[in-house]
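Paired with subunit B in one complex and with subunit C in the other, subunit A is shared by the two complexes that follow.
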Partner chain A sequence: MSGLRSFVVRRLLLGGAQTVAVVLLVFALTEALPGDAAVALAGDQPDPARIAAIREAMHLDRPAHERLLGWAAGLAHGDFGTSLTSGRPVTTYIEDGFGPTLLLATTTVTLLIPLGVGLGVLAARHEGRLVDRLVSSVTLGVYAVPEFALGVLLVTVFALRLGWLPPTAVGYGTDLLGHPAALVLPVLVLLSRPVCSLSRLVRAGMVDALNSPYVAQARRYGIPGARVRYGHALPNAVAPAAQQLARTVDWLLCGVIVVEALFVIPGLGTVLMNAVAERDVPVVQGLAVVFGVLTVVLNLGADLVAHRFAPRAGVAA
Partner chain B sequence: MKGRSRFVLGAAVIGLPLVLALLGPLFAGEPGPRAVSFTLGDGHWLGTDFVGRDVWQQVLHGGRPVVVTALAATALAYLVSLPLGLISALTHRSWLEELLMRPLDVLLAVPSLLLILLVASVFEPGAVGLALLVALANIPDAARIVRAAAAEAASRPAVEALRMQGETWWRIAFGHVGRAILRTLAADAGIRLTGVLYLVATAAFLGVGVAPDAADWAVMVDRNRTGLFVQPWAVVVPALLIVTLTTGSNLLFDAALDRRSGSTRRAGNPRRPGDNRRNGEKVRQS
Partner chain C sequence: MNAPVNASTDSPVAEIENLRVEIDGWPLVDGVCLRVFPGRVTALVGASGSGKTTTGLALLGEHPPGARVSGDVRVSGGGPIGYVPQHPAAVLNPARRVGALLHDIARQQVRDLPRAVRRTEARTRVLRSLADAQLSAGETLLHRYPHQLSGGQQQRVVLAQALLLGARVVVADEPTTGQDALTKSRIVDELTAVAAQGIAVVLLSHDLDVVRALADEVLVMYEGRVVESGPTERVWRAPRHVWTRELLARQTEFGNRDGNDGDSDDRTGVPVLHVRDLTARHHRTQVLRVPELGLHAGECLAVVGRSGSGKTTLARCLAGLHRDHDGQVTLDGNVLPRSLRARDRRQLAAVQYVFQDARAAFDEYRPVVDQVARTAVRLRGAEAADAGAEALAALLELGLTEEQAHRLPGRLSGGELQRAALARALLARPRVLICDEITSGLDTVTRRGLLEVLAGLRRGRDDLSVVLITHDLDIASLADRIAVLDAGEMVEQGSVARVLTEPSHPFTKRLLAAAG
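The block that comes next holds the complex of A and B.
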């Protein structure tokens, strides 16, 4: 018990350190700007009024540590500063983009788990045979394909050639639920990589589990095959995959940014890309903190869950 | 045999994009005069792109930046993570190990694409900057693997014997431990290169580290998307090449890994230091 508690404490400390580091890293970025940050950010339109406005908005006349403290204190109260280009609070940007991104992410994860586990179990049941070779080769091949290339090809086939689905979500605004057809391709593209990694892990775990002595013993007792597979072998196969699921958060995040750009979905990824293009540093910083802290929290949660499932695996902390 | 057939499959899939990427610029020749955007035919084998350039010529030029940036980023990542991992595995001072490895744990928390976009919003990195950023995103993971493999190799009796003979730290670190972990590193480098290819292409698609009209497969996909309905070839050909490049490299390295470790079945996590090393001697003879 004390082992579990010390693990939890260590993991929580690491999570806290990571959160602080994300905030520091994001802040350090504006400090890294060469010369006068306001001039550098004004970029193509270096008129004095704009430079003064940037200096004012980012409090560049105050020393760095004061700005860091002020910004961090604001973050703790949910105040992310104001945009350089529009003057609107960064929180309104986040609120605007939150809905579509959340919808994409939840749909993907809801489909990811049954699909990944199902494919993995299917391949493991037919180990070495045609089905297994097919599933293994396809998941291995698709695993590393960038979302944008796959997405563009899917659009060409399903929207252009066959005309089954809309090519982008243009015109639907944030009301994506009302137009499920526009969601099919984005979710399919988002699923491609995580499904492959998950199903490969489940397959490997399931093959090991099915060849283990305890499964052989259960079979000797005459326990029905389905119960052996799903009641005994599967839980052991899923435990290592649970942790990998957290790593796919990183992928999902990358994927969301690309997919939103590709299908013109007005989510957080689009907001981020627009802010990057306009060098709207406060918006980029705010979104980076949201994304970074989200990753830290989800990884933390997954490690704690994985540790609960398989305490012997020794989750890295 | 099965491993060999997959090896052949991987080599076949990666062959075309790799040859195009490496040798394409040699055969591209001089760029012709610009034609109308997004047209088909008229002497242009694959039509013209968004500013009226010949798509086939852009395809010939566009693979090299992707492949070269990915190779450079992978090499850079190891250049930093190899000494980091070796030192923290071989040192007896635990504070030094903590000092070297803990910051990496923290960096691991930042999603790689987010890191790249963050920097891109402030600086405007070129191709070199992109390679540096992708390498930076890969250092934490690579250093952890080097450390794990080296720690295992360093705990072997041979290293103890060397230490008792009074061999220098450098001889032990690079002469023995470094050599012992080579195979693990080769396996990891293959996987890492595939991941780096993904990251480089995705960043270029999002406009990081490339000129807006660069001859780069990923940039071509992005910029020619507006003409997808008129002239799909300008998008489909580079997209297909990127798909075959990444798929092929993953199939190839996976098959190579299987042959190395001598087993047809591999668990989900290929980075088990012991596995590759155990069969190392056998492979060297063959």
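The block that comes next holds the complex of A and C.
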């Protein structure tokens, strides 16, 4: 176990370094954008004198590295800083946006796992036959459709033509749980591509496992079919699927900008987009830290799951 | 398990009549007839590729994909048939602990019992089957993954599955391949005990000693046909078919081979590779302790011991593949870093490892010669073109043809691939070559060829030192010196002549007695 522990420690240290690198990169890129928060605040008629005044008030006239250091010193005490445009603490932005994002992500993943695994197992059981070809071609087809196109299509059909579901979440604020109908279309769009990639990975792993000598041995010795499939074959498909699932959860939690924008959901993606538009650097950086930590933790989790289900591969660093 | 012992040998428990299995018009076996009786051991012998496994699998009702099958396979009562394949690791699920299938089999059997006692009854049955298969400490082994067991333990777990199943016929495919002399004699005892329970044993083997010790009936196969059959003693005393005679002759020739100038017990000078106070652990368990071991230039050191005795762990420590160890390994007086990652290119090149499973050691999608050439590029910084030419030359020297060298690994036999693996290691121009059971799993003829290749290599390279990991004392006798490992302790080392003729440790004596 000492090997595993040192692997986790090494990965966490590396992850910390990666998060720092992400923050630096994001800071550098926001600096490189034309204009800043003062220009954004000045509105439609930019008056150079007014902009300079705002800059001075917001300390934007200080050199970049001083601003970065000041913010980083605050971060060390758990202080994410305050927004340049509203003066509210960055943490409130993250808390407000995290609710809807987490709700969307949880709902999506809860449906994604049984759907993706179920379709993959179904296709693998009928390898090369009609059901497999049907599942494989539909998943490949759906995977090729970008989220925004599918979203527009679904809104047109189910919201505008049929009028079954609300087209967007406008007016519900962050209380989406009270209006589950507004969640249906976004979750469908979020599910579409992950279901396809997950089911294809599970299918590939299951096809290999079902043709393996150890599954042949289990069948030979009279183990019932379902037990062979889920108890003996499926664990071998878990390792690659877990990695893919971690990437998907990461994608869902780090703000799915396109879907949030399309359905007007006030999640982290929307917060991020607004912050970039207003050049609100502390908010952007706060989000970068959150996203970086999430990515590191999720991928480490996936690697540990993979280690459990593919123990022979050992822990790769 | 409680099948009544059928004393009448007149009614076979399983029967194959006139079996023909062909793929694309090529027969794998043709006209094979086989009758197996309760409590008797029937052996199919022959070189690899002679159709033994195809016949054995046909008994289980299994055939290679795409095969056309004619003939009859009958199992009286349709009872379950157990199967112990040549590579037991293949039928153990890498993602599950080894107890998983055993528990599932047992659960099937206790379905009719009251719910309260099911669990304990299933558990009792599993543990009993492990004990029947002579697995000591079975309870702790159940919680391990297959890769954490030794080859011998894996095989016994698979045998336990068949015993737990209550199979009336057990097909054992090369059960003694890759086992040391003591384990071999235990497997012979175990299969004798299985037969004594009234189970018919079908033994597929090229290990003629084991066949002779075990089998009541022998069928000799050659190119898919049974060329001779009869009671074992008769076949040994008076072989009728020319191929049987050749097979038996080869065996004796190899067994009696000597010609070792074993006068190298007390070498002087600085050893190439030197091990001091080595203790290796798996997790927190200490699995190996070697106080001192030296390897001189040009010397061949055989490390012998039973499976699980720590032979491979020692080899892996030397090669930097097992970093969880204390003590010192020095190369030409310089300390080698514990882990492969910390070794520089020269150190990596100096100690090369040839693995037991040559097939797993090659990428199946690139021609063999390209993979062999990479060693020279990676470890010596050679130009790609030079490395390619050198790789081809090395492969030709070891007896492959140019055409074979350009094939994908899948299209080479086990023996050919093992030669390629040797060539790949040699391209690094190593000081020390570690050969880990490189001949186990090969039939007698191929094995002898590979050992000749190895002997030829040593003649051509004066300063090449070889560490030969083996359980086979015949192979160990090719070395200059022998180190004997038992349960992770090095119990004896000395010149081949001394260790094999006057062993000082009781374990070595037992090992020799079992091999004799």
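Note that in this section the second predicted complex is superposed on the first by the 252 of 317 C-alpha atoms of A that agree within 3 Å, B and C clash if a C-alpha of one lies under 4 Å from a C-alpha of the other, contacts with A are read in each partner's own complex, and residues count from 1 in each chain.
Note that in this section contacts are C-beta pairs under 8 Å (C-beta built on N, C-alpha and C of every residue); 3 or more make two chains touch, one makes a residue touch a chain.
A quick note: this is a predicted structure, and the numbers were derived from the prediction, not measured.
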Clash-or-fit label for the pair subunit B, subunit C on subunit A
clash
Tell me the contact category for A:Ala124 with respect to subunit B and subunit C: first, second, both or neither.
neither
Applying the document's definition of touch, where does A:Leu75 land relative to subunit B and subunit C: first, second, both, or neither?
neither
Which of subunit B and subunit C A:His232 touches, first, second, both or neither:
second
By residue count, is subunit A touched more by subunit B or by subunit C?
B
Touching A:Pro146, do we find subunit B (first), subunit C (second), both, or neither?
first
Does subunit B (first) or subunit C (second) touch A:Pro213, or do both, or does neither?
second
Going by the contact rule set out at the top, does A:Tyr221 touch subunit B (first), subunit C (second), both, or neither?
second
Would you mind checking which of 149-157, 203-211 or 221-229 on subunit B runs into subunit C after superposing?
149-157
Interface residues, subunit A side, partner subunit B - complex
14, 17-18, 21-22, 25-26, 29-30, 32-33, 40, 137, 140-150, 152-153, 155-156, 160, 167, 197, 200-201, 203-205, 207-208, 240-241, 244, 249-250, 253-254, 257-258, 261-262, 272-273, 275-277, 279-281, 284, 288, 291-292, 295-296, 299
Seen from subunit A, its contact residues with subunit C in the complex are 1-3, 212-218, 220-224, 227, 231-232, 235-236, 238-239, 309-312
Please output the residues of subunit B touching subunit A within their complex, sorted ascending.
6, 9, 13, 105-107, 109-114, 117-123, 194-195, 197-198, 201-202, 205-207, 218, 221-222, 225, 228-229, 232, 235-236, 239-240, 242-243, 246-247, 249-251, 254, 265-269
In their shared complex, at which residues does subunit C touch subunit A?
60, 62, 80-81, 83, 85, 90-96, 100-101, 104-105, 108, 145-147, 158, 161, 165, 283, 324
